[in-house]
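Two complexes come next, and they have one chain in common, subunit A, joined by subunit B in the first and subunit C in the second.
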Partner chain A sequence: MTVQDIVNRCQALFDDLDFQAVQDWKAAAAGRKAIGYMPIYVPREIIHAAGMLPVGIFGGGDQLEVIHGDAYYQSYICRIPRSTIELGISGRLDCLDGMLFPSICDVIRNLSGMWQLLFEDKYVRYFDVPQNYRDDVGGSFYIHELQQLRDDLAEMAGREISDEDLRQSIAVYNDNRRVIADLYALRAKQPWQVPTSEVYLLLRAGMVLPVEEHSQLIRDYVAAADAEQRPRRDNCRVVVNGVFCEQPPLGLIKSIEMAGCYVVDDDFLLVTRWLLDDVPLEGDPLENLSAAFLHRSAATSAKFEPDKQDKGRFLIDQVRDNGAEGVIFAAPSFCDPALLDRPMLQDALSAVDIPFTAFKYAENTGQLQAIREQAGTFADSIKLWSA
Partner chain B sequence: MQITAGIDIGTGAVKGALFRSDGGENPEWLAKRTERIRRRDPLDLARGAYDAMLAEAGVEPDEVAYVATTGEGENVDFRTGHFYSMTTHARGAVYLEPATRAAMDVGALHGRAIRVDERGKVLTYKMTSQCASGSGQFLENIARYLGVALDEVGELSQQADDPEAVSSICAVLAETDVINMVSRGISTQNILKGIHVSMADRLAKLLKSTRVGEGMVLMTGGLANDSGLVAAMRECMAAQKLDLALDSHPDSIYAGAIGAALWGAFRHRKLAGLEQLAEAS
Partner chain C sequence: MSKAPSTEVIKEPSMLKQKAMIDENFKLLSTANEEGRKVSSTFVPGNLNELLMCFDLARNFPEINALQNGLRKQSGRFIMEAERNGQSEDVCTYVKSDLGMMMQGNVGPTGDPLPDPDVLVLSYTGCFTFMKWFELVREHYDCETVMLHVPYQADGKITDNMRDYVVKQIKEEVIPTLERVSGVKFDIDRLREYLRQSAKAEDDLVWILQSAKNKPSPIDAFFGGVYYIGPIFTAFRGTEAAAEYYRTLRGEIQERLTNGQGPVTPEGDFGEEKFRLVVEGTPNYTNFREFWKMFYDEGAVVVASSYTKVGGVYDFGFRHDPDHPLESLADYCLGCYTNLSLPARIKMLAGYVEDYQADGLLINSVKSCNSFSAGQLLMLREIEKRTGKPGAFIETDLVDPRYFSAANVKNRMESYFQMLQQKSAPRAA
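Now for the complex of A and B:
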C-alpha cells in the first residue's frame, strides 16, 4: 500500500459519521458489542478484554449540521457536546451498546446525565479518574473505578473478564502505543515525510478500528512513508497544545502546516498516548493500569497537576525533546481545561524563552484565513528573529 | 553572495523578483516578472515567471540558494520556504524606500497597514476585515461598471471637482451608491474620487491605529500605483492629522516578491550558520 492509499482509507473512516466500520465489525460475528467513549482517556484495555470494540466519539466535526443539539445546551459552551447529542439523536450512534464519559469537565459530565435520560436502553457510565496521585488514595479510588467498569462490561458480555484477558489486552495496547510512539518519533525526526494532517487521520482511524488492525495500519504507513521521498521545506518546528478534546477541523491542521510550521508534537487524541510507557504484564492488571495512570501519564492540561512548580514541565519537555522552536496554543472556544491552563503554560514557556502564539477554534470553524495568517506570521518570526 | 528568488502569488497577479545577496546590505536586483492571472493557473504562472527570470539573468536553477514564496504561494512545489505577506511587504517596502517606517499594502482583496523598523521587521499591523470595500477588486468592479480602464482610474480621479461620497462600509452598498450616482448624472471623475476617498479614509484609519509616528509611509501591493488612491490617501491622512509623508514607488507592486527574495537570503545565511541547510533538499 502507498501512503496515499492508507491516507485515503483513513480519510474515508474520518468522514463517515455513520460509523459504518463499527457496524461492519459488529455484523461480522453474532453478539459483538461496541462501547463508545468521549475524550480524553478511558482504559480501552478493559473494553477490549470484554471482547468489545472501543469506539472514540470526538464530536461531529465540520460536516455535521447541528439542529437538535443546540436545544440541549446554552450558547456559551463548546460545540462537541452539541454535535455528540446530534450524532446520538440522529441515530448515528445506534451501533454503540454503551457510552463512557470520562472526567474532563462539567460539560462532559452533564452530557453523561443527558445520555442516561435520552438513551435509557444503553449502558452509560461517567468514568471518574483520580485527582490525587498517591497509590493509597487516588490509586485505591481508581482501582475501584476500573473494577466497577470491569464488572459492568462483564455483565454486558455475559462472561467474566479474567486477569489473563486483561493482560492480553494490555499487551495489545502496549503494542499500539509503541507503534504510535514510533510514528511520532519519525515525524519529529523527518516532519516533511510525515505530515501532521496524515498522522491525525491515522490516529482518528484508531478510534473506530480494532486496535490490532490499527497497529498494523500504522506500521504499513511508516513503511510506506519511509519508501516515499517528499520535499523538505524551510519550515519552523512547533508543538501544538490544547487540542485534546473538541477536535479542530482537518483544514485547520492543514492550515498550520501550510503556514510554514512542521508540527513535531501535539496533544491530539490523547487516549492513544495517555500512558507513556508499556503497562507491565506481570502482577495485578488493574493495579498496573492504575499505577501507569498515576505515575506515567501525560501531564497535559487534561490532567490535574497537584504541584504548581511542575506546571508546564511536560510541555517544555515536549518542545526540547522534539527540537521544537515554539508552541502554538490552539484550544476550542469555551474549553475550560485548555483555556484555564493556558496562562500558566505561557508563563512557564516565557520563563525559558520559548516563543508561542495562541488562538481558539470550534470543530466547525470554517474561516481559517485568520488562523493561517497568525500561524504564518508566527512561523516567520521564528525563522527570521529567533536565536 | 547567494542568488535567491521571491514569488508572490496574489489574487490578481503573480509577481517574481530575483536577487543576488549575502543576506545583508546592498542586494543586487537581477530580474523581475509580473503576470496577471486572468483565470489561469497561478502555479503555472509562478513557474513561468521563475523560469523567465532565471533566463533573463542567465542563472541556472541549481545556482538559486533559496526560493521563497509569499501571498498564496504555499503550494508552489519548487519553493524552499514560504513567508507571510505582511513579513515580505514590510521588507520589500524598506528595500524600495529605506526611510519607510510603515507599509500600506493594498491588494485585490485586502488592505493592511504595517509598522516596521529599519530592518523591515514587522512591529505591528492592522488590516481590513473580510469585507471587500477597501480593496482593489472592488475598485476593479466599479471601473468595469463605469466603462473605465483600470489604468485610467487614477488620472480621472484626480480631475474630480466635486467628489461624491459613497458608503465606506459595504462594497454592496457602495456599488448601489455608484449605480444611483450614474443615474443622477454624477461625472465619472467625481464617482471615482468619491470611491478613492472612501477607501483611503478606511486605510488611513488603519495606518493611524498602528501608531506609526516617524519616517515615511510607502504604498505597496496592486493598488500602490493608482495615483488617485495615493492622492486620496494624502488628503485623508492630513484630515486625520497623520503628519507623515506617503509615497509610492514604480516597483511597489513587487514589494512582496522583493521581500520574499531578501528574507530568503537572510534565512539562507541564518540556516547556513546553524548548519541546517546542508540537509535541506
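Now for the complex of A and C:
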C-alpha cells in the first residue's frame, strides 16, 4: 500500500459521519457491542477486554449540519457538545450501545446527564478520574471506578471480564501506543516525510477501527512513508497545544503546515498517547492501569498539577525533546480547560524563552485565512530569531 | 412606568447583623498578615469551613470578593485588567474579577486590603474552573495548595467509594497540610462542636427557605435568598454568630408570616403577590437591584431557587453531623447543587415548582458558568414538560457588566409575565 492509499482510507473513515466502519464491525458477528467515548481519556483496555469496540466521538467537524444541536446550547458554549448531540439525535450514534463521558470539564460532565435523559435506553457513564495522585488515596478511588466500569461492561457483555482478558487487552494497547510513539518519533525526525494532517487522520482512524487493525495500519504507513521521498521545506518546528477536545477542522491543520510550520508534537487525540509507558502485564491489571494513570500520564489542563514548579514542564519537554522552536496555542472558543490553562503555560514558556502564538477556532471554522497568516508570521519570526 | 430603584435601602435587624459579620471578617482578613494570623482561601461549594476554624485560620472566599465587587460595580474594571493580562474573554468572570483585583493591589470590596494567603484549600466541587483558578492564583504566592477532589454525583447518588475518597483526602492531605501551615494540632472534638452549630443554623435555614411554600411567601428565595445564604455558605458556617443570625432571621420571617406579609424588598414591602417563580441559575451582581426590581414591580416573588443550594443542599435532610464529622463533611461536599447530575437538578427543580406552587420556572443563564449553564435549555424543556408550567430563559452574566442588557432582560421578563397572566386569567365564557 502506498502512503496515499492509506491516507485515502483514513480520510474516508474521517469523513464518514455515519460510522459505517463501526456498523460493519458490529454486523460481522452476532452480539457485538460498541461503546463511544469522548475526549480526553478513558481506559479503552477495559472495553476491549469486554469484547467490545471502543469508538472515539470527537464532535461533528465542519461537515456536519447542526440542525438540532444548537437548540440545546447557548451561543457561549463550545461546539463539540452540540454537534455530538446532533450526531446522537440524528441517529448516527445508534450503532453505539453506550457512551462514556470522561471528567474533563463541566460541559462534558453535564452532557453525561443530558445523554441520560435523551438516550434512556443506552448505557451512559460519567467516567471520573482522580485528581489526587497517591496510590492509596486517588489510586484506590480510581481502581473502584475502573472496577465499576468493568462490572457494567461485563454485565452488558453477558460474561465476566477476567484478569487475563484485561492483560491481553493491555498488551494490544501497549503495542498501539508503541507504534504511535514510533510514528511521532518519525515525524519529529523527518516532519517533511510525515505531515501532521496525515498523522492526524491516522490517529482519527484509531477512533473507529479495532485497535489491532489500527496498529497494523500505522505500521504500514510508516513503512510506506519510509519508502517515499518527499520534498523537505524550510519550515520552522512547532508544538501545537490546546487541541485535546473539540477538534480543529482538518483544513486548519493543513493551513498551519502550509504556513511554514512543521508540527513536531501536539495534544491531538490524547487518548492514544495518554499513558506514557507500557502498562505492565504482570500483577493486577486494574492496579497497573491506575498506577500508569497516576504516575505516568500526559499533563493536560484537565489534570491538577500539584507542584506549581512543574506547571508547563510537560510542554517545555515536548518542545525540547522534539527540537521545536515554538508553540502554537490553538484553543476551541469558550473552552475553559484550554483557555484557563493557557496563560500559565505561556508564562512557563516565556520564562525559558520559547516563543509562542495563540488563536482560537471552532470545529466548523470556515475562514482559515487569518489563522494561516498568523501561523505564517509566527514561522517567519522564528526563522528571523534563529537566523 | 416603574420607578427607578430608590437609593434608600430598607434593612431589617438580621441584615444589619449580617453586614456587621461580613465587615468584621474583612477587617480580620485585612490585619491577618501583620497580626500573624494564618489565612486560607477557599471556594464556596464544598467548603470545609468548620475544619478551617479548627486551625484558627482566617477564611477568605474569592467568589465572595468577586460578587461583592460586582455589587459595588468594581468588577468590570478588574475583569478588563485580567483580560489585558492574558485571560481570555471566554472564561468565567469570577476568576478574572479576582485576578484583576490582585493585579490592582488586592484591595477588597470593603476597601480593606486582602491578605496574602498561607494556604489555598482547593475544594474541587462542582466546577472545573476552580482547579484552574487556584492554579492561577498560586502563581502569585508562595503558599501551599491542597486539593480536595470531590467526585461528581453523575448517577444521582453518593457511593461509598466517593465518600471514602473524600474522607481519605481530608485525613491524609487536608488535615496534615492545615496542621503544618497553622501550627495547630487537629482536635476532632472542636470540629464536632462547630458541626453542632452548623446543624442548628441549617435547621433554621431550611425552615426559612421552606417558608416560601406559604401564600403569600414571606421571603424572596432568590434575591432575598442571596442574603440568607451569605453566612452559612461562607466563613461563618459553624460559628455561634451564624446560628444566632439564623435564629434572628427565622424570628423575623415568622413575624411576617403571622402578619401575612410578603418579602422585604430594597424599597420596602412587596405588595401583592401575583406570580410565584422558581429560579434556576445564578444572580447577576452588577445590576442586582435593577434585576430584582423587574420582579417585584410586577408582583413576582421567587419561591425557590437552585442558587441557594450551591453552598449546600439541606432541604432534603442532610445536616452536618457531629457524630460522623468527616463523613458528613464529605457528604456535604458531594451534595452541593452544581455537583449534582442534570437529571437530579431537573427532579429537584420540577419538585420545587410543584411543592412551592409556582407558576413557572425562570432560568437566568450566565455566560461565565458552564457548570450551571451547559444543559439549561434541556432542563427548561424537561421541567416545562413535567410540570406543565411555562418557563422562560434569559441570559446575563454574574459580574461582567458588559453582559447585562437591562432592556433585553426587561422585555423578556415582561412578555413572560404577560404570558403567565394570560394563563392564570379566567377564560371568557
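Here is the rule we go by: the second predicted complex is superposed on the first by the 384 of 387 C-alpha atoms of A that agree within 3 Å, B and C clash if a C-alpha of one lies under 4 Å from a C-alpha of the other, contacts with A are read in each partner's own complex, and residues count from 1 in each chain.
Just so it is clear, a residue touches a chain if its C-beta (ideal position, glycine included) is under 8 Å from a C-beta of that chain, and two chains touch if they have at least 3 such contacts.
On a predicted model such as this, the values are computed, not experimentally measured, just so you know.
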item: Which of subunit B and subunit C A:168 touches, first, second, both or neither; value: neither
item: Between subunit B and subunit C, more extensive residue contact with subunit A; value: C
item: Touched partner set for A:23, first subunit B, second subunit C, both or neither; value: neither
item: First (subunit B), second (subunit C), both or neither touched by A:340; value: second
item: Which superposed partner A:216 touches (first subunit B, second subunit C, both, neither); value: neither
item: First, second, both or neither for A:11, with subunit B first and subunit C second; value: neither
item: First (subunit B), second (subunit C), both or neither touched by A:117; value: second
item: Residue ranges of subunit A in contact with subunit B within the complex; value: 231-235, 258-260, 367, 369, 373, 376-377, 379-380, 383-385
item: Residues of subunit B touching subunit A in the complex; value: 66, 74-75, 77, 79-84, 86-87, 121-122, 130, 263, 266-267, 270-271, 279-281
item: Residue ranges of subunit A touching subunit C (in the complex, touch as defined); value: 71-74, 76-77, 81, 101, 103-107, 109-114, 116-118, 125-126, 128, 130-132, 134, 136-138, 140-141, 144-145, 148, 301-302, 304-306, 308, 311, 331, 333-337, 339-344, 346-347, 360
item: Of subunit C, residues touching subunit A in the complex; value: 85-88, 90-92, 95, 122, 124, 127-129, 131-133, 135-136, 138-139, 145, 147, 149, 151-152, 154-155, 161-162, 164-165, 168-169, 172-173, 341-346, 365, 367, 370-371, 373-378, 382, 395
